[in-house]
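Just below sit the structures, each encoded as structure tokens.
Both complexes shown next keep chain A, but they swap its partner, so chain B is in the first and chain C is in the second.
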Partner chain A sequence: MLGRGGLITVLIFSLALAGCEVASFYAKEKLERGNKTAHVLLMTPDVQLGEVTAGGLVEPNAEWTAIAEKHVVAALKEQLAKRKSRLVLYRSPKADTPKARIHTQLIKLHNAVGSSILLHKFASPPLPTKEDKFDWTLGPQARIVGHEYGADYALFVYLRDTYTSPGRVAVMVLAAVLGVGVPGGAQIGFASLVDLKTGDVLWFSRLARASGDLRTPSAAAESVKTLLKDFPL
Partner chain B sequence: MRRHRLSAVLVAVWLGAGACATAPGDGDASLADEGGTAPGLIAPGAGPGVPLVPDLSPGQRPALATDEAGWWMVMDRTESKLKTAGNLVRDEALNRYVKGIVCRLAGPYCPDIRVYLLRVPYFNASMAPNGVMVVWTGLLLRTRNEAQLAAVLGHELGHYLRRHTLHRWRDAKSTTNALIFFQIGAALGGVPVAGQIASLIAMGSITAFSRDQERESDRMGLRLMAEIGYDPRESAKLWQNLIREDEADEDKKTRFIFFSTHPAPEERSETLKRLAEDALKASPAVETGDERFRNIVLPHRQEYLRDELRLRRFSRSEELLKMLLEDGVDAGELHFFRGELYRLRGKKADGDKEGDTDDKDKALAAYAKALDAGGAPPEIHRSMGLIYLKSGQSEKAWAAFAKYLELSPDADDLEIIKSMMQPMG
Partner chain C sequence: MARLASLFILALLIAACVQYSLVKAEKVAIGDVYTVDAQIAWNKKTEGKTEIWTVDGPLLQELRFIKGIEDGDALFRGGAGKKLPPFKSKMTAIEIKELFETSLAQIGVARLKTLNLRPESFGKVAGFRFEFTYALKNGLEKQGFALGAVIDEKLHMIIYSGTRLHYYPKHKDDVERLVRSIRMI
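Take a look at the complex of A and B:
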């Protein structure tokens, strides 16, 4: 199996082939909830920004990442408010407590399930048993976390944003002279919505494009809006 | 280390795993003429004869806008995953012990280092730029005393104190930058092959640099251990033992010199021996810490040996057990695992080798020695029972199973064993 990093690389390579910037799968197009405000627990977003060097390596940038994390959370809050939902922020419990262990297991399970969705729904051939279905689940244990926060759903967000360094721009221009396309910065990510009563993954969206900038509030808001296109709430 | 497919992952893992890369050739500077560590001094790479001093001061953290902070961020995240790793060793005494050695080696840097013991049956330790040190249990199985353990821990600290990850990253960056422009230039000049040659040279130079860093860490580690009184000769002994194990490996899969990130083991062992002699001239250090090591690490050895045998690299494990038996500590336990090795391997006698016997006979002989010496776990009787059963000696098998159940009445496999004791038919 590919690790998370490997999957992301696969996605970057599939970027050129993919027609659209964002694609999503869902169990239900729209979630029923009457007049009630939905409480969505935002799991700690996994955001990382970096710069593509001339030679094509990615240098992680802590300063940009810290800025982007704030912008992403603010943009998510805004997007959910527009959908009559409230964002509840997740806080990791103290390490090594029984509570922490339960939470960790759920997060790790989501990582594993999410990786499978990414791999089999977006990149490589679908699993024979899931070809025409979207019925992934984390199981009813997810209820424990939902109960604790009084939340109906959990939202997982993963974003990687890279920017082209001046050196890389020079390489891209020179390579273009030779008729070779060299990739620069890219924005990739995914988000998933989990029902905290059943553990079912309700919606899963993937973003992959060569534009976007999480370092400024307005561009970050645009990225989050694009990622949440077709959000079922 | 596991091999990763994609280069991006490779670079991240390679940097994360506290690998290495700076400093123009550290040459022959002898340990004897180096002063004590001078915390806080920033050393611009150590050339021949230049004393090795730490490249960062105690408590130092990188400024947020730097490339260094980027790698700290990545490793901080990895660290939070380490804290909940399923194979994290939580035994308090063992953690306190290893951390204690690290602290004495690190001196004023002690608060900057966090040690994580992972249950992984291979010989390895790694150092991340943010102060995360990871030690695998396969290493604890192979170090024979506290001084040898200190030698590895000191080596890893060397990577931290000399900020090898950062230097290697900068080095990789400038190498790949130069490479891509060279490739474009070559292609523009109509020489496409030149690009590939350059890429090979660049790969070589990245690994060569990293070997220089390993050498530097070896020197640093040796000095750190000698300064607090550990016998520096133990460092070379550890490497010699690893070479012995490597040479016993029938598969010979593990050695691949060009891309290996460490200096050739023979060269390393020789250098360490020489440096140890120099260090001893400067200050006599003779502590090996045998007793503490025995009291705290060896109680876990059965667990590590079980993991080792699961790898099914029997020729290596056989040599390892032979070496451990040379120390003669808990020989009964070691003979039991020798028996287990032969039982699991189950090879027939080699007709070309005079006096060679079937593995099942070797196993029974080893079990006999284990029972003689004492200290083998109750499973020894189950193992003997299984061999007897296979060779049709049911009465003997049942007696052995009965003994096993008598010694461990709460065994997980109680029902299975009982069912095997029913006469067939």
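Take a look at the complex of A and C:
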């Protein structure tokens, strides 16, 4: 069986090859809330940066990743503020309580739901019963998290950003001379918005492109803005 | 990193080969041995002698019909390089439950528990049933039940499983009605 990280990474890599920059699915195109400020719980973003080696493998870079995490959270706060929404940061429960175990299972379930959406909505094989539907959910237990934080929605963010090493550039140049296309770095990821009253996935966006940089505040802000292009709040 | 590259190739191969077809909410023949009344519409794919049905995707829930595996066949596909233990036509219900446990352990699930093995009819045929729970390597908890019978020395099983949170309970009642609707052909 594929591990969750492996499966998601693989899926997004395969999607990145498709060449479409950002695409979304909605349960609702716009969420009605009147003048009320929406409280959005940001689940710990899953971000990793790395370098593509000459052989085409990705070498994770912890320093870049730590910097990128800060930039991504700051950019998300800014984007949500523009949408009259307040970002609340999720903190994993420390004690091993029944409630903490439900939190953990909900996060793991979201990974499986996200993988299913990527596989069956963005890639292949599609599910015939889901052809005209977008009805994935985490179920009503998501209320437990919403109630604890006083949040209306949960936002999940997954980003992988890779950069081309000098060795890889040399391989790419040589391959180009020989008429073969060899990929370099890429920015790939997804975000989803979950209704914490119902558990329903309201919006799911996938980013896949050969440009972007999460190592600087302005470029990270551009990446987050692109990822949230069709955000329903 | 090599693992990532191989997973990438594997995912592309899987995506290229597997297709789902629609199972309507009506009477459906499972091979040439029995029929069931599907209570809702499902998506179906076939792997050898096994049909896998799902509503939301097999990562979330699946209904597996093992259609008459014979002496020497494995219960599940083991993946690259993994040879799973074989079914033997003279196996008892306890031995089949142990085969299920050993097979899943070799596939790599964690914390597998099987519960409440008991006699239960499979249509009009004497069979067995048990419940189970396990966790994936990443810790996601699943649960399910299995109903089976050996008919003419071939093992038939219906195994329903899904995530403990939401996706297993979501269609459990539909599947309970489905297994009660088994009619031998």
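Going forward, the second predicted complex is superposed on the first by the 213 of 233 C-alpha atoms of A that agree within 3 Å, B and C clash if a C-alpha of one lies under 4 Å from a C-alpha of the other, contacts with A are read in each partner's own complex, and residues count from 1 in each chain.
One rule holds for everything that comes next: a residue touches a chain if its C-beta (ideal position, glycine included) is under 8 Å from a C-beta of that chain, and two chains touch if they have at least 3 such contacts.
Keep in mind it's a predicted model, so treat the numbers as computed, not measured.
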{"item": "Touched partner set for A:G150, first chain B, second chain C, both or neither", "value": "neither"}
{"item": "Partner chain(s) touched by A:A175 [first = chain B, second = chain C, both, neither]", "value": "first"}
{"item": "Contacts of A:E59 with chain B and chain C, given as first, second, both or neither", "value": "both"}
{"item": "Touch count on chain A, higher of chain B and chain C", "value": "C"}
{"item": "First, second, both or neither for A:A95, with chain B first and chain C second", "value": "first"}
{"item": "Partner chain(s) touched by A:T104 [first = chain B, second = chain C, both, neither]", "value": "both"}
{"item": "Touched partner set for A:A112, first chain B, second chain C, both or neither", "value": "second"}
{"item": "First (chain B), second (chain C), both or neither touched by A:G167", "value": "first"}
{"item": "Chain B and chain C contact sites that coincide on chain A, given as residue numbers", "value": "2-3, 5-6, 9, 56-59, 104, 108"}
{"item": "In the complex with chain A, residue positions of chain C that touch it", "value": "1-5, 7-8, 10-12, 15-16, 18-22, 41-43, 45, 54-57, 59-60, 79, 107-109, 136-141, 163-167, 170"}
{"item": "Parts of chain A lying in touch with chain B, wherever the complex brings them together", "value": "2-3, 5-6, 8-9, 48, 50, 53-63, 65-66, 95-96, 100-101, 104, 108, 167, 171, 174-175, 177-178"}
{"item": "Footprint of chain C on chain A - complex, ascending", "value": "1-7, 9-11, 13-14, 56-59, 102, 104-106, 108-109, 111-113, 115-116, 119-120, 123-130, 136-141, 199"}
{"item": "Residues of chain B defined as touching chain A within the complex", "value": "4-6, 8-9, 11-13, 64-65, 67, 69-74, 83-84, 169, 172-173, 175-181, 184, 187-188"}
